[in-house]
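Contents: one structure, followed by commentary.
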């Protein structure tokens, strides 16, 4: 009797996980758009690669914020560590191969994430916000004091990286940079998706929704948050490394408060806890900012500010939340 | 699609050619901080660019110039901005660049695209070595800070000096350049004080109190010319450094013309080294200031950044005229600018053909209360035809082989 | 006067003046965040508005500096109520993420609007003669304006302490910070309390902006570049605590000043290092409740 119950529960759990893991046709959309953009906007690929880098950065934040519910204003620290890892390897050790550079960046940023996570993840709310923010500022100050190594705010100029896969060199039109960033983003998305649909990922959501209950069913809450934080830091490091690769330049402004706050805004705008919110948030925010700044270099912030306010008032769960609500309404044939 | 549009262009071109008016519209990319904490610097240069274009549009007839303005502020990456200016907006030149990191980031792009970059501010000395397409009209910190070192020891009686600087590359350069010149001339550095980062204006009082307690003859300062300079001079007065007989010296960044009137009595007697002040007495400057005042009012005078931007735009006009609007060959444009000289509001300036950096007179200027009650500058002495001393003396990175 | 004593006096005096500015701007943020858990990143924008209003009043309308400060406080408090009633109140029960998005959006709008009106050039005002110059205390001189800031700060501390600890209104606010639901269930109108504290907090931010005008100059970026320090003070002090905010402002202000004076090269680190050390040891801040 008990045995059949267990089997039934296990089967239900498997069905639940499988339902979450199932690929939906809409998931192809961002990738189709990204590939189409390559052909439709051949002269906008340098910009496009920056959007993809920010999408990856926002994705890394979604793992901790959207899934594990950890609010941080210091994710630029890991982005910066990744960028400086490949920058310093190239400038000081002549290690210019990009793919191994990405791995090195992921390792360094992941290590920093694990190390800081052990301490910081015991805190929450405003306290955590200020702790992460202060840590990032200290890293930046540190880089400024040791400017003989880091190049300070003038950065590490003229970085040259080997061609991707030994074949594709960086061109003025940014074709290589775009496809390279897109490929890395895709791989990282697959990884992040595999994580969030796994039992581990569901337990993160459990922690976000009700930490006390997760404790009481015996889940190792701190350990799981730490793993999530480490993976997220590593992905942010990869985003930073991509930023360095595609710009051939790193400066200490990667640690700026604007960077941490900007990625947070993009993610919330797109919708948290949905993976693809990171993608659409980065695309909408950056395209809008770019077009407004061309239209009016001094006052673009007015337009972006309005968009944020309107989003909060009318699309509480971000752009994807709005789309989902519209979808439900269509299918339900009414409100 | 692409072919079709270029055909259309070709047809249009033919039409124009057939019409006999071989006027080209030359697009020039302007990269300046229009938003963010440095927007103030951007506006001082933007006004100069606009004014020059408005005043001199006729000089390049039948050609026309079109400025394509892009934000260098937060959220923009210089490499992307410059790449798109070149590949999408088809600009023939880029100019502006208030901030060194953006010029540095964009250097590989202009090299690859063979498009000249005429810098109107960014002051890190070795920038000009990053690309053979970079020409600088402004300065490096070594232009001013290094001569100020020897001048203050020799002429101003500064036997001991405390150095204070904002802790980022221009500040560090300004401190090192001053110190090099000052110690060589026999001066003694009493204290070296990094004074916070450029993003926030700090409370300067503790730094200045430290200077006051060290009792040097002079206090040499570099701070960015925005909100920092006003804050610094106010605190200098409040702490009583002036009353204690510690003379304020520095580069023009500390007393930019457009913030001078707000600084009050504390700034009187300060002595700075620089190539430009709105009060300079030469015909080119008189005309420049008169035009500027007519356009923007007397309360917002031009400063050293405006003068550099003015000269950069004048050089662009010179190139357009000389090459009859054909600016496709970037290398030719740079060749033309090597050795270029003009009677600028800063006096006679030229471009050093070896380094593509500006050569200009540096003036020691004292801040005085003028007859009309306003604050102004009085030239005490001139150091003629100063080249970038970082490259002359081959200091650090400036000594490395560049382009 | 012996040098060591002189150094200590300098650090304490300058640190105190800096701490008072931090306190005046941050206290409103602390109480509103404590009361409603509302993450108001636009608080710096209200301070900026106060600063600019002071500029306009003294420069264009010839209002004396002190009068301009008072008018700015009242005007910004009134304006903040409009924002609170129309925008903020919709998000009381929303997630903190939505609050972040709204208030960052408002900050961006404020930056653009103030750039439009005042331009990007830093603005300041000429101080009246009785605030400029120095006061001679016999053994050394003190800048008059900083003495004034300290006096205003201490007066405010006294008034706020009295209002907070000795009046019915203060008791209601403290009750609501402790436990909002319980306070509501005993008949305290927490929404109204919030509107009131929001107005007072924004007014004080405006005062801080008006005072900071002389120290930092006023640019449209003011709304964001100093926000980090205000958040630091609020977190280190503990949400919703008057005593905590004061303690945090003093600790951070004096440590920052001491760091600048004694270890200028490492000065930038110190305020953050102190904040981290305190928060690691006391996650809820100096006077917060866990």
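A, B and C label the chains in the order they appear, each numbered from 1.
Note that in this section contacts are C-beta pairs under 8 Å (C-beta built on N, C-alpha and C of every residue); 3 or more make two chains touch, one makes a residue touch a chain.
Here the structure is a predicted model, which is why all the values come from computation and not from measurement.
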item	value
Pair of chains joined by more contacts [C-beta pairs], A-C or A-B	A-C
Farthest chain (mean CA position) relative to subunit C	B
Whole-Å gap between the CA centroids of subunit A and subunit B	38
Cα-centroid distance, subunit A relative to subunit C, in whole angstrom	33
Overlap residues in subunit C, where contacts from two or more other chains coincide	111, 115, 120, 265, 268
Set of subunit A residues in contact with two or more other chains	141, 144, 258, 298-301
Shared interface positions of subunit B, touching two or more other chains	35, 39, 167, 197
In the complex, subunit A residues that touch subunit B	43-44, 46-47, 50, 141, 144, 147, 152-155, 157-158, 172-174, 247-249, 251, 253, 256, 258, 262, 289, 293-294, 297-301
Residues of subunit B defined as touching subunit A within the complex	32, 34-35, 39, 69-71, 73-77, 79-80, 83-84, 86-88, 100-101, 104-105, 107-109, 112-113, 124, 130, 167-169, 172, 197
Residue ranges of subunit C in contact with subunit B within the complex	3, 6-7, 10-11, 14, 17-18, 111, 115, 119-122, 124, 126, 132, 134, 141, 143, 145-146, 214-221, 225-226, 256-258, 260-261, 264-265, 267-268
Touch list for subunit A against partner subunit C, complex	65, 71, 119, 122-123, 126-127, 129-131, 133-135, 137-138, 141-142, 144-145, 257-258, 261, 264-265, 268-269, 272, 298-302, 304-309, 311-313, 316
Partner subunit A, residues of subunit C touching it in the complex	33, 39, 87, 90-91, 94, 96-98, 100-102, 104-113, 115-116, 120, 224, 228, 231-232, 234-236, 239, 265-266, 268-269, 272-273, 275-276, 279-280, 283-285
